[in-house]
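See the structures that follow.
Okay, so subunit A shows up in both of these, paired with subunit B first and subunit C after.
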Partner chain A sequence: MSSIKIKSKNLNVYYGNKQALYDVNLDLNEKEVTALIGPSGCGKSTFIRCINRMNDVIDICKVTGNIEMDGVEINDKNLDVVSLRERVGMVFQKPNPFPKSIYDNISYGPKIHGKGETKSELDQIVENSLKKSALWEEVKDRLDEPGTSLSGGQQQRLCIARAISVNPEVILMDEPCSALDPIATAKIEELIDELKKTYTIVIVTHSMAQAVRVSQKTGFFHLGKLIEVGKTEKIFKNPDNKMTQDYITGRFG
Partner chain B sequence: MSNEHTVKSYEEELQFLKDSLIKMGSLTESQLSDAMDAVIKVDKDSIDKIIKSDEEINKFRSRIDTQIMNLLVKRAPMAIDLRETISSLKISQDLERIGDLSKSNAKKVKPLPLDLPDELLGNLKRLGELVMKQLNDVLDSYVNKNFDKAKEVWEKDEQVDDLTYIAMESVIDFLSKDKKNLDFSTHLIFATKNLERAGDHITNIAETICYLVKGEYLKGRRPKGKVTQE
Partner chain C sequence: MTKEERLKKRHRAEKRFRFYGLTSIFVALLFVVILVQNIFSKGSSAFKKTVITTEVFFDQELLEIQNGSSKEEIMEADFYDIMIENLIKAYPAKDRDEEDELLKLFSGDAEIEIKKAFLNDNSLIGKTITLDLTASDDIDQLHKGNYPRDLPEERRRISDFQLVIYDYFVENKKISKNFNNYFFNNGDSRDPELAGIGGALVGSFYSILICLLLAFPVAVLASIYLEEFAPKNKITDFIEININNLAAVPSIVYGLLALQILLATIQLPRSTPLVAGITLALMTLPRIIIPCRASLKAVPPSIREGALAVGASKFQSVFHHVVPLALPGTLSGTIIGLAQALGETAPLILIGMVAFVVDIPTSPVDPSSSLPVQVYLWSESAERGFVEKTSATIMMLLSFLIVMNFIAVYLRQKFEKRWN
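And then the complex of A and B:
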């Protein structure tokens, strides 16, 4: 039984007058993949953005309730957000490498977080991160080329390498494969399988099949509420809630 | 929120699969009943027709296989749709086997003498009627997605076992009176056993329906009658 890494209790999020999350109680297990599914606008991305306080950048956003990592309140005003984001990395829908070299894309994070003081330490971090993201073999001879020169799938793995370069504990993935072809998607999924041995992963996805393939736990959101959460196998074979069943079987009107 | 799929053709494909299975079920029912009648009435004229209807059942089976493959590839069904698809695959296999057993029974009619005593056929007839009722009930429970009724069928197989035992006893008794009866008595024993096996396939179908409806397999051991207890 894995221990709980992230725990939300009665988490509510408002964007101005509009409430985006309603009393969400969701536990994310350590070194496991949790998939969040649900129609667009249901709150799944809003939920993961609470984990690294990305909602802070939206002025009208207000968060109430609790969300803890290792028992420590993430929403605490005194919490150092920079170090939180060092512990919680994020990968987005569209690959977004910095307009810099492949090498600099990876070394940037460790540098600003004060890791890898010497060139050889940084070299090591870059190599390890690229190896962990299964990109090393493809780019090791062209580290000084721009990150943007890579293919979409390679760029996404570069972004994953960038996320893990600062040695986080949690990786948030917001539809990481929606812009990728099936081969690139398969590579990312294989990578997720490998990464879950080291990191706690949360993935937002619109692909049911992907949720089944990569995750151990699945949560279904609808209109800001967590409707059902459980073992992935159970959710996709025999969900308890009718709404979950209607969504995953394509009966949503 | 409606219960229909957003994609209409998906809805139609699932409905078509269910319809095919229901048709296959009713064909299997008629064949089982015809084969039973043929044995009881020692009606040698109907043998060919029964063998032919088995070919029809087999065709249904392969058509259903194709429909299921297409559904899996095109729709990647989930939850209730996945259970519906997989259950159809399993049920069609069991129906096909029941068809084979009916065909086998029809073939047993050929060597039977026309003047078999009533008491010998009486028990076989009772067994046949019970198996028919079981098949009818299990197919009803499929159409109505009725968990309780499917479970009832599953439990009632115990009676099939008991009647099989009784029917076997009477054939053996008959055989022991005169060794000349050996040849066709053997056929009657096989026919009895075939009905018992058809009953087992019906319980498989009942189990599958229970899984289809609730998403969980039946727990515990099925009650067993005399014939399977040793």
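And then the complex of A and C:
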């Protein structure tokens, strides 16, 4: 059993008057993939956006309760979100490379965090990040081309490379394959398998098959509540909760 | 109604709409053509001036200077007498009246033109040279075919004697049309043949420059703050509504404001590009903020999130990613705002830019005119020569506006990044 990286206790999130998460208690293990499943609007994305405090961007969003990483409270006003996000990277649903060159897309993060002082150090970081995201072979000869000129799947891997360029500890993935075709999806899934050796990964997905393929632990959300959490095998083969059973067999959602 | 009938009706409606659309475009184009044609036909002649080729003999007795005289001596010398002497020699006049009429064939600046020729080459004493002297407004208009010569003499500004001389000029090819350098180099003048837009051009340039320097940074920073940093609450809503309202305030109101605050209270020098620039900046500010905010808003939120997610601070995500993407839209909005300011007349009239200014301003605190105000001033003048000057000034103004709008479109198309 690996150690716990992130631990949430009675986490509640409100958007204005609407409550989006109810008392979520969820532990994420280090160097493991945790999949979050559930119908649309159930709070999966809201939960992972608490981990890197992306909810701060939304004015009306209010978070109560605790969420800790390595025992340090994340939901703390005095915490520096910039250094938090350096440790917790994120990949979004739709690939969102910057409209800059492939090189600049990846070197941006290290630059603002003061990693890679010299050009050769930066080159090394870019190369390593692209290699880790299995994109290096495809783009090594055209690093000056705009990131937006890549295909959808390549763009998403570019975004993954951008996330790992600052050498985070945790990577959050918010439905990273929902805009991709099956081949591109397969590549991303292979990549996730590889990345979990180094990083703690949380992936939100609508595909049960994907959750089964990539994750070791699965949490099922419904209407803002964490209904059930456990080893992926157990959740999909023998869930305790009737609702989980119904969802994974496609009876609702 | 059967299915076929309904289908036919739908097709008819579509055809009808197409016809309406084409008609409106045609009508709009027709108006543009009429306007441009009218301005061109009236204004294009202003770019030429009529000159009379005249032989000038530099008589030492009359000039009382020698070859090699210093510049000061030449400036003080009287060239008027040698002009009369030379003219009478060429075209004998019966009496003083005819002498006067002879002189009135030429512009009031003909004497200065002779002096300039002498300044260029001060060894001309005792020699005769041929000069192209600018004709008076009446002869200019007559030569351009704008003056009716078949009226009885007492209703003409040109006497019979002058007509005889004019016909002699034409017969002997002593009269011709040259490029009108005065139109571009001179300031305003009571004499149409000497009046130019030089002062108005410089005045407009200084005004727009000051307007740009004041309005652009303020508008861009205000837009960035409101769009990216300000909390969305009642105060920012109120500010937003008021910015939109200010953009719709008639420009003359800004003129009144400037009159009270800038001229009456702060006592800035009136009729100057400085005051004009500040007034135009006030007017242009909301008109730049609106397109600037729109282009910031058009940057997809995913770009901001992408930057924040790798650990950029709010400031970094805005200035490294959002602002560069919004820049083309911002710049083109600014240029269009400035183009509007360039054509603005009403507020400038209120701050005294309608003053008659002959000198070309050398700094933004010199009294000056501006292009649209010059159009307004000349359109009110009685002399025939100002009609073509008015239209020619409109042509200049329109060409600046077209160039500015073209730059705006170019910037937007060339530098706007596409994202999927």
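Note that the second predicted complex is superposed on the first by the 252 of 253 C-alpha atoms of A that agree within 3 Å, B and C clash if a C-alpha of one lies under 4 Å from a C-alpha of the other, contacts with A are read in each partner's own complex, and residues count from 1 in each chain.
One rule holds for everything that comes next: a contact is a pair of C-beta atoms (placed from the backbone, for glycine too) under 8 Å apart; a residue touches a chain by one contact, two chains touch by 3 or more.
Note that this is a predicted model, so its numbers are computed, not measured.
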Which of subunit B and subunit C A:83 touches, first, second, both or neither: second
Partner, of subunit C and subunit B, that touches more residues belonging to subunit A: C
Touching partner for A:159 - first (subunit B), second (subunit C), both, neither: second
Subunit B versus subunit C as contact partner of A:206, first or second or both or neither: neither
Partner chain(s) touched by A:31 [first = subunit B, second = subunit C, both, neither]: neither
First (subunit B), second (subunit C), both or neither touched by A:7: neither
Touching both subunit C and subunit B, counted on subunit A across the two superposed complexes: none
Residues on subunit B engaged by subunit A in the complex (per definition of touch): 1-7, 10, 75-83, 214-216
Contact set on subunit A toward subunit C in their complex: 52, 54, 57, 59, 82-86, 89-90, 92, 94, 96-99, 108-109, 112-113, 148, 159, 162-163, 165-166
Contacting residues of subunit A [partner subunit B, same complex]: 208-209, 236-239, 243-246, 248-253
Partner subunit A, residues of subunit C touching it in the complex: 231-232, 300, 302-313, 316, 320-321, 325, 417-420
